[in-house]
Amino acid sequence: MIGIAVIGAGRIGRIHARNLQQHSAADLRYIIDVSAKAARQLAADCATEVGDIDSVLADPLIQALVIASPTTTHAGLIAAAAAAGKAIFCEKPLDLDLAGARQSLAVVAQHQVPLCLGFNRRHDPSFERLKQEIASDSAGRVEVVSIVSRDPAPPPPDYIEASGGLFRDMMIHDFDMARWLLGEEPIEVFAIGSVLIDPAIGAAGDLDTAIAVLKTASGRICQITNSRRCSYGYDQRIEVFGSGGMVRAANQRETQVETANRDGFGRDPLLPFFLQRYAASYRIQMDKFLRALGGEAIDLPGGIDGLRALQIADAAQRSTEERVPMAL
Amino acid sequence: MIGIAVIGAGRIGRIHARNLQQHSAADLRYIIDVSAKAARQLAADCATEVGDIDSVLADPLIQALVIASPTTTHAGLIAAAAAAGKAIFCEKPLDLDLAGARQSLAVVAQHQVPLCLGFNRRHDPSFERLKQEIASDSAGRVEVVSIVSRDPAPPPPDYIEASGGLFRDMMIHDFDMARWLLGEEPIEVFAIGSVLIDPAIGAAGDLDTAIAVLKTASGRICQITNSRRCSYGYDQRIEVFGSGGMVRAANQRETQVETANRDGFGRDPLLPFFLQRYAASYRIQMDKFLRALGGEAIDLPGGIDGLRALQIADAAQRSTEERVPMAL
Amino acid sequence: MIGIAVIGAGRIGRIHARNLQQHSAADLRYIIDVSAKAARQLAADCATEVGDIDSVLADPLIQALVIASPTTTHAGLIAAAAAAGKAIFCEKPLDLDLAGARQSLAVVAQHQVPLCLGFNRRHDPSFERLKQEIASDSAGRVEVVSIVSRDPAPPPPDYIEASGGLFRDMMIHDFDMARWLLGEEPIEVFAIGSVLIDPAIGAAGDLDTAIAVLKTASGRICQITNSRRCSYGYDQRIEVFGSGGMVRAANQRETQVETANRDGFGRDPLLPFFLQRYAASYRIQMDKFLRALGGEAIDLPGGIDGLRALQIADAAQRSTEERVPMAL
Amino acid sequence: MIGIAVIGAGRIGRIHARNLQQHSAADLRYIIDVSAKAARQLAADCATEVGDIDSVLADPLIQALVIASPTTTHAGLIAAAAAAGKAIFCEKPLDLDLAGARQSLAVVAQHQVPLCLGFNRRHDPSFERLKQEIASDSAGRVEVVSIVSRDPAPPPPDYIEASGGLFRDMMIHDFDMARWLLGEEPIEVFAIGSVLIDPAIGAAGDLDTAIAVLKTASGRICQITNSRRCSYGYDQRIEVFGSGGMVRAANQRETQVETANRDGFGRDPLLPFFLQRYAASYRIQMDKFLRALGGEAIDLPGGIDGLRALQIADAAQRSTEERVPMAL
C-alpha cells in the first residue's frame, strides 16, 4: 500500500481521491484544501482524514502527493514535495510561468523523485489505441495530425482571468497530444484566435475560439481547433494521417441508441464534459502512477512534458499577439 | 441497335422507357398503353411513338418487348411475345396464379426466346456487392440471411385488392433475394402477418405487416420482415451471416450531411421510395438485358426465378392462413 | 448494510461477488460453492469468507441470497431461501422444468420474500434507453421487435447437455427482452433451428442456430435470431419498429478508433462476450436489487418474468420438434 | 436549344461534353482541341463535330463556350469569347496570374456576357445541403469551417510544374468553399506546407502537404488541410461549426456494404478520385449554367469568385515563402 495525500478538494481533486480510494494499492491518508469545509467533505466521502501540508510533508507514511490545487500553487508544492522526498503527481499545467516551472523541475531533478504530469488524455483507451496503431505502422509515416477539442460551455469569468488563457489552460492538453502523436518535437507554432462566444472573455484578455498549427523539423504538421462552447456536448476527436493511411478516434457516446422518425435519424448529444468523457483515463492514469511507484516500468508524462507543452502554449499565445509564427 | 417496345406507361413503364431512351444500344420505337393519353405523353417524353400490341408483335424491327403493364396481363403478353419470337423483359410477378405463370413459361420454352424477370434489386450495386462478397467467401458458409424491407406508405385500397396480397406483391422481391443469397433453394416457409397499419388493408383481405422464415435443405435460414408503412423512409437492408463472418448492405442516403445541436445529432430520413433507392438498379438491369440480347453472357433472373418466387409467395400466403409452415 | 451470501463461485457468481464487494450498501459475508477451492479463492478475492448453505440460511445477519449456482439447483435454493425468509436474487433460468419453477415460486409467494430474476440485459444502459424511448413514444405504437443475439463461440459439449437447450439457455434472455419491449404478452411462438456450426451440438440433441417468431394478441411481432458462434465477436442488437418510427441499439465497442489504408476502412471486432458487453448491466442490476431491498420502489424482473420466459422457451423448443407454431 | 462549343478534350472537357450531350437544352456543336486526334475522338463519342476557335467565335449558332483547356489559355479565351458576345463557362483557375485574370474579367464586364466559373463543388448535393443548413441556421452563427481535401495520388511532375502550385491548382477549390461557407470574406491567410510525399514535387518548387488558416473581419476562422496523396481514396470532407451547432458532410461511398470477420469490420476505400466523387456536381453545374442561360435566376460562381480564390491562393503561396500571415 502506498501512502498518499491529495492536495485540492475541487473537481479534479475529487476524481483523484475517489480513484485512489477504490484502488487496492493506494492508502489515501489525507485530503488537504485551503477550504476546511471542502477538505472535510471529500475526506468524509472517501473515508479518510483532513491533513495539512506541513504534517503531510513530514509524515513518513506518505510516499506520494497528488497535487490538484489551483495552478498558481503547483510549482511551489512540487518543489516542497520533492524536497521532502515525496513522489509527485501534478495536474497540468506545471505553472503559468516557464521560469517558475523550470525552478520546480530543478528541485525535482535534485531530489530525484518521480513526477507524473496529469496529461490524462494519454491514458484514454481510444487515444492510447491511436498511439498503438501509429506505433504498429497502421498509418505509415505520420504527416498530419488533426485535433478537435471543444468544451461544452465557457468557464466563469473569474476562472478565465486566473487560467493563464486558452492556450495554457485548455489547448495545453492538445499540445501534449500533438507532441505525443507527431513522434517529433514541433519547432514552430502559429496560432490565431477570436472572441466569438462571449465578449466577457475578450474583456478578460482571452480568446474563446482558436486554431494552432504546429510544424516539426521534418515537416510534419499538426492542426488544433479549440472552442470554449459547443452546443452538442464535449467534442473530442483526433485524426492522424500518414503515408500509409489514417487512424482516427471518434467521439464516445453514452449509449448506442439511435431513433428514426419522419424528421430523420437522431442520436444524443455527446457526453457532457471531461468528467464523463475521460473518466476511464483518470482511473487508468492513477493506476499507472501507482504501478510505476510500485516498481513497474511504465511510460508516464513527466516534468519535461509539462514544460514543453507550456512552452508551446506560451509561444502560441505570443503568436496570436505578434501575428507571426513563433519558433520553439 | 435493338428495336424495343415498352408495354405499360405507368410508374415502372416510365422508368424503363427513359432508361431505354438514354441507352446507346436501344432503339425505343413504341410505347403501348390502354390509356391512349398515358401512352402519348410517355412517347412524347421519350421522343418516340405510340404503338399497339398487334402491330408491334408483327413488326420485324421490334426484337424485344418490355412488359410493365398490370400483373394480370403479364402471362398473356409473355405468351404472345414468345409466340411472335420476341425477347421479353417482364416485371415481377410473373402472374398472380401459378398455373397461368407456368403456361406462359411453357410458351417461352417452346419458342426459346430470352426472358428476363424484373427482379431489379439483384442489380443494385450494394446488393450485387453483397453477392460478390458471399461468392468470395467473406462470410464463409451462409447460415442466416436477414432482410428488412419496409415501404414508406401503403398503396391505395384498390391497388391492394388487385395486388395479390403482400406476399405476391411486395415480399416477392425479398423471396427472390433470399433464393439468390442463400445459395440453396428454400424447402419450407413459415409466415405470419398482422393488420397494424390500416384496417382498410385488412378489410381488403390483406396484411400490412408480415414476417416470413425460410429454410433450405441443409438448414440455412432466411428471415424477412415487411411493413407497408415506414415513417422514416424506404427501409431496405440485407445482412448475411455465415461461418466466417457477416456482410451487410445498409440503407443509402441522398447526402452525407449530418447536423448536431443541443438536441443531438441528426440525419435525414431515408430515400422516399423505390424510384430513388433503386434508380441505379433499374438502369443497370436494362443495360444488362440489352447486353445479353447483344450476345454477352450475362446472368439474368429468368422465368424459373419468377416461378419460384411466386411459389414461395403462394406458400407464405397459405402459411398465414393455415398457421403452419408450408413445404415448397 | 445488507448482509448477503453468494451461492456459486463460477463465472457469474464472481461477477456478482465483485459487484457486491464494491457496493457501499452491501455486506458480502459468505461465498458458497460445492467446490471448496473455488469458494475459497473467490472469498479471498473479495475479502470475505466461505460459508455453507445451512448456516447461511440460519444466519440472521444474512438478509439476501444471490443464487448463481447451476440451473438444476435454482428451484430448490429459491424455495429454501424463501422458507428462511431471505430476499432472493436468482440467475436465469428459474429452472429447466416449468413444474419445478412453479413450485419454488409458490414457496416465494407463501413467504412473501422479494425475488429478482437475473435478466441483466434489462439494465443495460442502451436497452434501458430503448425502453424509455418506447415509453416516450419515439417509435409510436410498437409493431415489430427484431433481436439479434449471437455468442462468439459455442459452450463445451457437457455444458450443452446440461443447459436445457438453446431456447432455455440462450434465447431465454431474448424472450424476456421481447416481452419487455413488445408491451404485450406473446400468445404464440414459432421456432425453427439448425445444426450448422458443430455436429456435436446436434449429437447432444440441441440446435446451434435458431430463429423464433412471437406474436401478441393485438398482432405485434417479434423476431429473434440466435447463433452459438459469431466470428466477429458478441453480436447484440435490438431494433423496435413502430407506427411513428424506429429505435435501435447498436453494438458497443471498446474504443472509437477506426483505421483506413489502401485496403479500406477497418474497425475492431465486437466485444468478446457478455462479461465485457454487459459489465455495466450486471453492476446496475445488483445496485437496483440492493436499493430495492433498501426500500426504494424499483421495477425489477421477478418470478413471473422467469416463469413466462421459461414457458416461451419450452414452447419454442416444442415448436421446432412438432414443426408448428405453439400457443402460449 | 443552346448552341455550345467545348474547348479542351482532356479529362475535364470530356466530362462537360458528355453532360452537354445528354442535356435536352444543349446543342453541343463543336469540340475544339490543339490535338486534332483528341478533338476527333471526343467529337465522335459525343456525336458532334470538331471545330476551330475562330469559326466558333464567328458562328452565330454558338451561344456559349465551355473552356476546359489548359489554365494558361483561360484568360485569353475568356477575353476572346466575351468580345465575340458568347456566354462563358470556364474551368478554375481563372489564370495563374492575377493581372491576366483581371484583364480578362474587364473584357467580360465590358461586353456584359455571362461568365460561370467551374467551382463544381458548390453543386455537390452534400455541400449544397451544407450551405442550405447554414442558411437555415442549423449551426447558428458560423465560427469555424474545417475542410479536408486529399487527392489519391500526386499528378505527374510536368503537371506540377505547369500547375501554379498546390494552392492555385488544388487548394483553390477549398478557398472557394471557404468563402462560400464562411459567409464573410477572409481578410487574412496563413499557410504552411511540407514536402513529405515525393521529393520530386519539392524539386519542382512545390509542396505536397499544406495547411491554410483563413480569418474573416468578424473573427470567423477556416482551416484547410490538403495532401497530394491519400492511400484510402479521395478524401473530401467539410465541417461547419457555429454558435448553435455543427453541420458536416462526410465522404461518399460507392456502396453501403460492410463486412465483418475475426479481424474486425471493414468497408471499402473511398471513391477513387474527383471523376467519381463529383460526377453529380459536374452534371448539376452544367444544368444550372444552361438554365441560367435560358433565363432562370440561378446563383452561379462568377468572375469575381474566380478572382478572389486566386488572390487567396497567391497570398497563401507567399505566406509559405515569407512565413508570415498575409492580408487579403
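For clarity, chains are labelled A, B, C and D in written order, and residue numbers in each chain start from 1.
To be clear about the criterion, a contact is a pair of C-beta atoms (placed from the backbone, for glycine too) under 8 Å apart; a residue touches a chain by one contact, two chains touch by 3 or more.
These numbers come from a predicted model, not from an experiment.
Colleague: Taking each chain's centre as the mean of its C-alpha atoms, which one ends up farthest from the centre of subunit D?
Modeller: Of all chains, C has its centre farthest from that of subunit D.
Colleague: C-D or B-D: which has the larger count of contacting C-beta pairs?
Modeller: Per the contact counts, B-D leads.
Colleague: Taking the mean of the C-alpha atoms as each chain's centre, how many Å separate subunit B from subunit D?
Modeller: 40
Colleague: Averaging only over C-alpha atoms, locate the centres of subunit C and subunit D and give their separation in whole Å.
Modeller: Using C-alpha averages as centres, the distance is 58 Å.
Colleague: Residues of subunit D that touch two or more other chains: which are they?
Modeller: Expected reply: 231-232, 244-246, 260-262.
Colleague: Spell out the part of subunit B that touches subunit D in their complex, as residue ranges.
Modeller: It comes out as residues 22, 125-126, 129-130, 133, 138-139, 244-252, 254-262.
Colleague: Show which residues of subunit B lie in contact with subunit A when the two form their complex.
Modeller: 231-232, 260-269
Colleague: Going by the contact rule at the top, pick out the subunit A residues touching subunit D in the complex.
Modeller: Residues of subunit A touching subunit D: 140-141, 143-144, 146, 148, 150, 188, 190, 192, 194-197, 209, 211, 213, 215, 218-221, 223, 225, 227, 229-232, 235, 241, 243-246, 323-325.
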